[in-house]
Every structure is written in C-alpha cells, then in structure tokens.
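By letter and in written order, the chains are A, B, C and D; residue numbering begins at 1 in each of them.
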Amino acid sequence: MMLDVMGIIHHIKYENCLQSLTECRSMGAVPFGAKYRLIDFVLSNMVNADIKNVGIITALNLRSLLDHLGNGREWGLDKKRDGMFILPAASHSLRRKSIVDLEDFYVNIDYLKRSKQKYVLIAGSNVIYKLDYNKVLFFHEENNSDITLIYKKDQSWNVGQEPQVFLKIDDNQRIVGINTKCKVKKTDNVSLDTYLIKKELLLEILAECYLQKKWDLVKHVLAKKLKELKICGYHHQGFSTVINSLNSYYNYQMELLLPEKGKDLFISHGAIYTKFNDSPPTKYYPGSEVNSSLVANGCVIAGKVNNSVISRNVKVEREASVHKCVIMPDCVIGKGAYLEGVVLDKNVNIPAGTVLKGSQHVPLVLGKGWESWEERAVEVHE
Amino acid sequence: MMLDVMGIIHHIKYENCLQSLTECRSMGAVPFGAKYRLIDFVLSNMVNADIKNVGIITALNLRSLLDHLGNGREWGLDKKRDGMFILPAASHSLRRKSIVDLEDFYVNIDYLKRSKQKYVLIAGSNVIYKLDYNKVLFFHEENNSDITLIYKKDQSWNVGQEPQVFLKIDDNQRIVGINTKCKVKKTDNVSLDTYLIKKELLLEILAECYLQKKWDLVKHVLAKKLKELKICGYHHQGFSTVINSLNSYYNYQMELLLPEKGKDLFISHGAIYTKFNDSPPTKYYPGSEVNSSLVANGCVIAGKVNNSVISRNVKVEREASVHKCVIMPDCVIGKGAYLEGVVLDKNVNIPAGTVLKGSQHVPLVLGKGWESWEERAVEVHE
Amino acid sequence: MTKKECIAMLLAGGQGSRLKMLTKNQAKPAVPFGGQYRIIDFSLSNCAHSGIDTVGVLTQYKPQTLNSHIGFGDNWDLAGLNSCVTILSPYAGEAGGNWYKGTAHAVYENLSFIDAYESQYVLIISGDHVYQMDYGLLLKYHKEKQAEATIAVVEVPWQEASRFGIMNLGKEGVIEEFEEKPAFPKSNLASMGVYIFNKNILADYLHADVKDKTSVNDFGKNIIPKMLRDGRRLFAYPFKGYWRDVGTVESYWLASMDILDEKDGINIFDSEWGVYSFHTPQPPQYVGAAAKITGSLIAEGVYINGEVEHSIVFPGVQIHQKAIIKDSIILPNVRINSDVTVNKAIIGENTWIGEGSVIGDRGASKSIIPKVTLVEDNQQLEPNSSWNLIEAAGV
Amino acid sequence: MTKKECIAMLLAGGQGSRLKMLTKNQAKPAVPFGGQYRIIDFSLSNCAHSGIDTVGVLTQYKPQTLNSHIGFGDNWDLAGLNSCVTILSPYAGEAGGNWYKGTAHAVYENLSFIDAYESQYVLIISGDHVYQMDYGLLLKYHKEKQAEATIAVVEVPWQEASRFGIMNLGKEGVIEEFEEKPAFPKSNLASMGVYIFNKNILADYLHADVKDKTSVNDFGKNIIPKMLRDGRRLFAYPFKGYWRDVGTVESYWLASMDILDEKDGINIFDSEWGVYSFHTPQPPQYVGAAAKITGSLIAEGVYINGEVEHSIVFPGVQIHQKAIIKDSIILPNVRINSDVTVNKAIIGENTWIGEGSVIGDRGASKSIIPKVTLVEDNQQLEPNSSWNLIEAAGV
C-alpha cells in the first residue's frame, strides 16, 4: 500500500535521441514490446504499487500521448481524489539536456504542495522494468535515506553509446560518486532514472534551485550533495533499461525475445496496463512459420516471422520474411518481401518483393505512414 | 440526428483579450455563468445536436482545459468510434490575430480526412448561445449554401469595443459583404463565429491556403469568395455573444441575470454539460439576503448578494455585501466586505471589511489565488 | 480477482414501507435526502473515505433507481483497476432461484462473491442510515480486539433506547447480552446495524442459519444472538458521531432538519468527508428579485422567487412569487405556484401545487413530536387545495 | 429519459443446458467464443453498429459473469449521455417478485423500462446467436412494410429445416404460417429469433399472454402464433449472412470452426463491423522457438511452444513443447504440458493437462457429424491421461 507516495513521470529533454520515432510523438508514446507505449511500464509499476496520484510532465507533440492516456481509466487513475494529472513543462526547448529538469517541477509546485502524499517517486517516461516500488520504500526507510536512486549493474556498456549516469556506491548502499561521462569499464552501476524523495525535501531543493537557476536534479543537486544528504542506491536485478537511443530501443526489444526476459517484464509482479484495444485475435494462415517472436492481437500472418516484435494489426503476406525486426502497428509486409534488422514505424506499407536490411547493430528505421516510405524508397532500397 | 456533421472547436488567437483571466488558462477554460466554462456552451450545442465527433484545437496553457474536458465523458464523447479529439495548434504564437486560423486545421488534415462525416461545423470556444444546429443544417441544405455563417443582430454595439465581424446580407440570406472594422452603426449583423461547410470544400480551401500561405478563414477566404461561393447567413435570435473582451465577459453575465435570458441560455434546447462536481447544495444562513442572482452549488451565504453570478464553493460571510459581481469558485468574501462591479478570479480571499468597487462599465478584476491578491492589494484598495 | 483484506456487503433490498409513498417507486436506500443525495450515498461515501473499495450491494425491491444511480460506483471513486461496486440481485441457478428471505440470507446467497476476493473480513452495512463513519477505524478495533465479530454501537437517548437493539457490555467492550427493543433497557448503546465479521466464522453461521427452519435469516434477530449463545468473541465498537436510521416519515424529516442544522457534527460541507452522489446536469440556481431565503439548503437547478425558511429544496424545483415554504422538504422537480403555503411538509417528486394552496398546518406547531404532512410523488394539486397531515395517509 | 425510436431487449436469461459444462458457472451468452469474445458480444456489437444504443439485457441464470462483462456497455460504445445497457434481472415489488417464466414474460416484467424511453419499436434479440447483422436495415424494412411485427429469417439447408421454426410466406414477405420444427417443412426459411414489434401491439399481446394460463410465455411458441391467428401484419425479413444458434456442444464447435475459416462471410476482422468485447490486460503472445502454428486464431497472453493446427486458443493458455493441438478450442488459462495430443476437443477454462495425455480421438476422424470431446472447466488431468468423447458425458 503506497498510499503515501505520489508519482511524477518526468519528461526527458533529449527526445530527439530516437530520431524519427520521436519526430511527431513524445518519448512516452513510442510503441514498445508489441503492444505497449514506453510510458506504460513506469505508470503500471506505479499503479501496481497502489500509487493513486501520478503527475505526468509533458511538452510538445503530446497528442499521441494524450490519446493514449485518456483520462487514466485503463490505469485506474480516473479518480475524484488524486488520479492522473497532465502537467506542463517549464519550456518546450529540447536544447537543454538536463537529466531531470527540476524547472518542470517548479512550475508545477502548486500541484506538489496540494498533493497529500509524504513521498515523491520520480521516474522517466522511458524507463523499462518491472519493479515493486514498495520494496524501494522499505529500503528507503530502513536506510534512513534522504534520496534513493534505483540502479542496475550493466555489463553491456560500450564507449560511445548513449549518455548514462554511473554511480559509485559504497558497501552500505550509499552513493559516493556520480559520473555522467562515458567510461570504458565493462561493469558498472547505471542509474535507472528513478528517485524516491520526501516531498518536503524536494520542495526545499526546488527553492534552492530557483535561487541558483540551476535545475538539473542529477548534476546540480545529487552530484553536489552526496555528503550533505544521505543518497542511497537500490539495486534492481530484473530486466531493466532506459531507452535513450535507437540502439537501446532496438536491442532491448531483441533481448525480450528470450522467454525468461519477456516473462520477467510482461508477467511477473503485476500486469502492464495499456490503452484498451479491440483488435481480434491474431490469425495464422496455413503455411505460416513464426518462431521466437512476440506478437500482438489483430495480426494476419501468412509468411515467415522470427526473432521479431510484431505489433497490432500487422499483415505479413505469403512468402514474406521478417527477421530480427520491430514492426509497429498497422504495417503491411507485402508478398515475398524480405526484412532483416528493420524498425518499421506505424502504418508503413512494404511493397511485394522489397528487400530491406539493417546492419548488425544499427537497425534500419522507416518512418510513419505510406508517404514517408514513398519519399525514402530510393534511399533504402539496396 | 447530426451524425453526418463533425465539430471543430477552434482556438482563438487573441486570448489575451481577457487579460489576467487568460494568463494561465485557455479561453475555453474561463469560468462563466456560475458553473460552466466557456467551451461548455459550444460543446453542449454540438452533442445536443447528436454530433459524435468533435476536434478541439488547443495551444498553450491547456492544463485547466484538459482537466475540465477529461476524456469527454461528461459530454458523451468518450467513444471508440469518433468521440473527442484534442488537436494541436499550428503555432503557439498569440501575435497572429486570425479570426479562424486555418493553419491549425491544416496541421490536423489527417484527422479531417480520416473522419467520416460529410460536413464540418466550426465554432470558437468563446461563443455563447443555445442553438439547435439541426436547424442550421436544414437551412444550409435548403439554400444550397456552400458555407453558412451564424450571426445575430446586435443593437448594443459601441465604437471602440472589441473586434467583431460584420456581415452585409441580402434578402435571400446570402452574405454580400464582410467587414472586420469597427463601425458606428447601431444595429448590425454580427458574426457568431460559427461556420458550416462541406468537408470536401474545406479540404479544397486548405489546399489553396497552403499554396498562398494565407490562413485567415474570414479575411482570406470568405471575404474574397463572396461571389465564387454561395455563403449564407443563418440568423440566430436567442441570447448570444462572442466573449472577446473583459467588457463582454462581464456585461453578458449581468444580462443573464434577467430571468428570461438566463432561461434561454441555461434551460431551453437541451442541457449544458460540464465537468461533474460533488459540491453539496448551497447553504443560506439565517439573515442572508440574496436576490436576482445565479448561484452554483457548495456556497455558504450569510451576507447580502444581489445582481451577481456566484460560482461554486464561494463563502459570503456575515454583513458582507456583493453587488453586480462575478465571483469565481472558491472565493471567500470576508465579514463586512463590500464588493461592487468586481470580477474575482478563482480562489481569492477578500479580508473582512475590504471595500472594492469597479467603475460603471469596467469591472475591477482580481487575479487568481491569494498570493496574487496580496501582490495587488495596494493597487486595488481605495 | 485481486485479494482484498475487507470487502463490504451493503444491504439495500428492503422496501422500507414505513416511509410510505416515498418508497412507492424505489427501495428505501434510493429515497432522495439532504438536498441532492439519496440515502445510500452516505454509506457508499463512507466506504470510499474508509478505503473499502469493493462493495456488493444487495438489492431486491424495485432496484431500477438504485442500479442506475450506483452504476459501478464511479461517482464514489469505488470503480478502479481492482475494485468496483457490484449489484447483487437474486439470481437463478440450475435448481431455480431464491428471493432473499432476510439480511443474513441475502449475504448467504452471495458467499461466492465474497470468496472470489478471498477477503479475511466482511463489513456488513445498511443502505438506509445517515452517518459519516470511518470503517477503517472499526476494522482496526476489530483486529486489535481479535474479535470474531464487532458491532458498531452508538449512544441513544435513554427514553428512546427501547426502540433499538441494545448491547449490554462487559469489560473492554465485550458484548455480554443483546436485547432487541427491550422494555427496560440496561444500557443506551444501540446497534447501528454495522458489523465486521471474520469471514470464515460468518460463512459457518450463515450456512447453519439457512438450515434452521425457525430462523428469519436476519443478522440482528438470528446471527448475532446465536453467536452470543455460542460464546463467540463479540465486541462493541463505540461510534461517537451522528447516526440515524431514517425508517419513518418522522425520522426522515427529523434527520433532514439535522443535516440542515449540522446537528451533532453531521456535515455535508466537510471537505475531507464529502458525500458523493450521482447527479444529472442542472443549471445554477436562480434566486429572483422577490426571493427571501434563510436557513435553508438549496440545490442546483432551482428557481426561487418566493420565501423559503429553514427548508431543503431539491434540484429542478420552482417556487414562485409569494409562496412561503417553512420547515419543509421539497423533493426534485416540484412546482410550487404563487401564494402557496407549505409548512412542515414533505412534497414528493414531480408534484405540481396549484396557486393559493395550503399544505400542512397553517400555524407553526412547535410540539416535540413533529407532525409532518406528506404529499405523494407525481400529484397535481388544484389551486387553493388544502392538504394537511390528516389526509396524508394518517402519518 | 430521452425518447428513442427503437430500443433493444436482449434475452440472456437462459441456462443453455445443452452446452453442458460450458454453462455450469455462467449463462449461455457468457460462454467464451471466437478466441477472445463471449457469445453475447456478437449481438451487442450488432446493436452498436446498427445505431441501437439503448439495450435492456434480461438475465436470470447465474448472471454474475455477464453483469461484470457488460457493465453499462462502455466497451460496445453503448454508454453515452442518453444511452446505456441496463441489466434487467428479476426484482421484487410490493407483492413480492416473479422469476421470468419465458422470453415473453421476461419482457412483460420490464415493460416499464420500455415505456420510459417512449420507443415506438422494440427489437427483440437473443444473446446466444453468432451473426453480424445490421438491425437498422431490419427496422427500415419493418417501417416500409408498415408491419406490426417483423421476423428476421435465414435460409437453412433443407435437410436441417425440421430442426428450426420455419416461416411459410405469402406475397411480398407476408408471413402466412409459422411451423415449429415441422417434420415436413414447406420452406427452408428459419426464424432467427430476431423480432421487431410495434411497441403498443407488443404490450397488448404480452398483457394477454400473461393472463393465458396455458401459455409458456415464449415469443416463438405463443406470441407469434397468436398474432398470426389474429391476422396481424407479420412480415419476414430475409437476412443473407451467416447465422448460427450455438445451442449444443457440436454446434458450438462447428460455429467456432466457421469463424476460423471465415465461412459464409462471418469475419471478426471486418474493420467496419468489428466485434467489441471486454478484455482483461494481457501481455503479447509469445511464440517459442519450437512452435508451429498454422490455420489458427491465437489470442493475446498465450505462450505457445508446441504445434497448433486449425485451432482457436484463448488468452492465458500455455501450450508446451511437442504438444500437438488440432481442430480444437482451448478456453482461457488452460495449461497443456509437453507431449500432449488434443484432437477435435474443447478444453474448459483453467484446466491443467498433464504431460503425455491424449484428449479426443488419436486419429483425425473426418466424419460428417463431428464427434467433439469436451473437458470441463477447472480440471487437473494427471500426466498420461486419456480422455475422449465417450467419457465426456456422452456427447
């Protein structure tokens, strides 16, 4: 029962990191895992922990996000007391690359003050994991922590990848160092962009930030107050990541095709809630061959699919072949087409016989809708 | 049954005309008539005419509007097919003073094309009337009209007031002249910023505007196509106005205190739907004196109120006197205070004994919340 | 189903025939009350504020109004991912169906509903009481006492105690004796009809009760006395606030006036414990130039141009010029024409009162036992009618 | 209430005992069908697509699953400002209550519900048929013919005609004769159990029917024959699409296979006439490395690592390695362990089938009359069990 915790889902400022996928939608609204949007994961974790009051900070391009969230009914957040609140960001500029921009919190300070909960749980809309926040609260209180960060141990880190926040943690789980520069080290503690803090302390921090006009929670607050405050790290061991590059977007979905990882994210520790959809069950025609794939409802599959993530209402026609792809809703893969290592945005229609291949680690991304495809056809044909 | 008409509620670009009332909220979200927001009127007219598909164009400061609209449930618009759609504006600039900015429509052209209805009814979020749009559709078809505008005859027009659109109309109800300059004439046909048009024609117009990069429906399209197209005027006779100045905002509410005008707007031709609210009934204490006023739920009245519009959860303490005022929700009028010709924004707390007076036609406006009041206290005290 | 520690079973099946014409078209819990509510709103709002988010509502008598009023409990914040209000009306199985014979039998018939939530505790409440109570504190008390059943009790005036079910307590709140309407009460602690049971024990007693042919299958008359005879751990939880069973026209009128006067702390303006309800859209109230309203509770959608003193007026009512309303309750959509006098009366829904009519005593009788005049729903009273308590079906 | 030209009364009260164990815990309309639906979803979706937005659902037998499935009809777009789905279960009045004796009596008991909408026409439909039909066209036909009642009919194969209620028509669709299950049918036009009545005439006949002690209060057996005898204007509306009454285990299996094969144009993938339903949240389906799925309909929340051919698999099902499923219907949350063979069978909800078990005939019998094996809900089958149609309660 986390009735004494409110959630804030913050708006990341480097949305362009997903390139064309975030050109016309907020990060939180990017499709992920065959039938979800990125924001579903953090939001479901919150409601599964019985958090009843969630503020969602939004900026431009929020139509698809608002469409998706509606009045919060699918997450049980259509309430008179508390519920889901869409909050404005302080600025719509994407230039400032704060990790957590506290100015967004400051412009919503009335909402924070009005909320009755004692703690605030802050998480990015692009954080993917399944986690019982009750355990984090227990850890926080056991450790007399001022602020608790959730982190994972990451062994797959490569120099030159997307920006991450690395933590140095002592034996008592206290964070003693924060580094935002890329490092060569193979194993490291990587922040999962999730913070638990007492509301009173957050309000004090906001007042201080306002005076100094420095707003980055990680760089300007946490990194500078490691001694003054007791900032602890909670180690999350399950499948987890922060989606902040095309690379991570693609590779983490490929990882989910391992049954035990998919199970950890989709089934353990409560349901993932998402917008209700009326697609029929998926139809497999005689002759279809599907293996090692996640498939949503409403698909019609007559061809071959393996190691792929197939969203709703996708058609794979006869003799078509889809291999290591992420296919978003409403795409059609024409007869005899061959796709490998491709990310198809919504509503892309691949003509019969087309061959498309991404390189080993960099997927080929095709933009939204038929028109985009037409424009790009020349570039992407081999 | 207007199942073949879709509605678009457009976003006016001169929102600052209501000064502090629209500083932190969209025009559509401005409280009006004791328990409504401006947008409720057009939206209720649409759903009362069985329009099932309504797009609402929004710009900045949309939090209170989104809070108010939710998922459209209170207007019966929480639907799988059609329903309510929040649409982005083309630009958030308030500098362009288009009357209807078609660029906002152009950026939402996919939504227009996808919609199945034959006609589009366009209206501003600040239009106040009760009108059966079925009659307008009937008029439109009877007259073989290309575009139908709704207008009223206005006898109260004064030079120097807010901008209006004046129509010259021939005996066959065809519009033969459009003028956006102020005039001296006492009686005139004033546009009620409501347009009925076939979707196909609107799409043609949008294509043309895109080529010319001129986007004002009234100035760049209607005024120039009076001969080419058959543009007719539908005369609405009931209580009606376009709220586009503090003056009109205040004076039209004072007019609603005449019982027959209030009845025309609030009771005739179907209900006005608004966000559901749980305030208790209003409590009149012994000694209260209330006359010629509209009062919402949840008020506690121990003092004197006349010729005023009192919103929800307002407290009028003993010996306080409220005269010709518009009081928004959650205000407190302290013991013995005297208010005349004042518009109080939400949540203003008037200390005991305060005397505040607006001039005859220009109301005194006090901004939102206690803090604003504190800041302004010096200016407004007499 | 998600597991729930405690779910509520709300008894709303009774006709409440002592409320006469008010329950002609609907069950007692659906009777309008307090200016814009129905009686059941108090119990449902208590559940919402107490964190009891799963409620089964047992209906049987004319349930249509209740069903559409309650829905899934959205308006009480009781509908969520793992919670909702469920209407439980009698149903048929392979061997045909059973009407609910009594309160205990109604719960017995829906034991499978309770089982589905695997709840350890069952809160039994009634839909026809007016009170604001935190059931969470009751549950806490029940657990602290390690009780098998806990009964909420409230102090009533000694002179009225023999109208109630009276609890005689031993040490620390243990219930030693329960007397239904005792002629010579030994205590003034009355049962509120609010119980918490350990689920397994409740199920055992309900099964046994159904087999007992002599039982009328009632919690107060059968289940509680049987548990006491068996020496079960029964505790009384003392509730300190306002509580009324509005079972008669008189008590309905009195409780309405209590709400108006905020008597004993009952307060629909309490911002932390507001009463939720379902309303149809109403315009704001319009108070005319000739109106005089004092000491009253007036709902939205009301037009008043007459005089209203110490009365409750529901939505959609019109009160025209020179009409005088005093100490009365005007139910929804009544039209009171000009020069009408209404005194200490209840006017039923949709009734039309012709001008110059006189309802109730002309003089304001201030007797201790109120004499309340009741005018039915859907009446058309001719101008200059006279209607007082004697014609009013002998209240 | 807003006035409605036509409202629907949906009959959902029957047990449907010929569906055997599938209706042990719920009424027939609530039986899962088509991979993720319940049978009633077809009728409700037809209402939504036909513009009939006010629906009374008449329930009686074990209605709990239906009640929570339907709610107010939100998921069928049937809940709005002036429209909703209302569950109408038997209720008590001052003089006690009546169980619904037959389809006509169920509607009779709820005439006040119909009256509240002042509707001129009443559409009577059933919750246990599978079809996609525009009732708007039926209403248009009814009005054009100035009929007093119109009955939708569908052509059935001549050799099966004697299992149906058969309409013999005169000129222009006038019904001249109605024969219930005739031994020697004169036509192959069967009543679909879909009627439109003029409201006033319907009310008259229902009132008369209730007084007739010999009547079984059924539309097909009593109301329609009586209207024919009285020479009322009865018309037959010829429906050209797919229609099935899934009244037996065999017809349930056959209709399921028809959905799978998109037979006669029945198509749940129709974007203009989709079937709405209510689902609980499910993860995407996971198709394992060893899976082989062909010619099948697979719902979300399914894990498949075995072989599935020409079958329907509902949410939450697990089918493990080397299991072989053929021509079968696997209801929600079944677990089929490795090396299991299932052939021409229906596996009930939540059943667990131990590894190596064999369900149904081992050989794929391609006889014309299908022999379907049914395994009940909530069973635990030991590893290496064998279970075929002979043990399956003699289907």
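Just so we're on the same page, contacts are C-beta pairs under 8 Å (C-beta built on N, C-alpha and C of every residue); 3 or more make two chains touch, one makes a residue touch a chain.
These figures come from a predicted structure and were not determined experimentally.
Between the chain pairs B-D and B-C, more C-beta pairs are in contact across B-C. With centres defined by CA atoms alone, the chain at the far end from subunit A is C.
Averaged C-alpha coordinates give centres for subunit B and subunit D that are 48 Å from one another. Centre-to-centre separation of subunit A and subunit B, using mean CA positions: 39 Å. Shared interface positions of subunit A, i.e. residues touching 2 or more other chains, are given as 78, 80, 273, 278. Counting partner chains per residue, subunit C has residues 276 touching two or more of them. Interface of subunit B with subunit A (complex): residues 61-63, 66-67, 70-71, 73, 78, 80, 85-88, 278.
Note for the complex: subunit B touches subunit D at residues 47, 75-76, 78-81, 273. Within the complex formed with subunit B, the subunit C residues making contact are 34-36, 75, 268-269, 274-277, 279-281, 283-300, 303, 308, 312-313. On the subunit C side of its complex with subunit A, the touching residues are 51, 74, 77, 80-82, 276. The touching residues of subunit B, when paired with subunit C in their complex, are 33-35, 259, 262, 266-267, 271-274, 276, 278, 280-298, 300.
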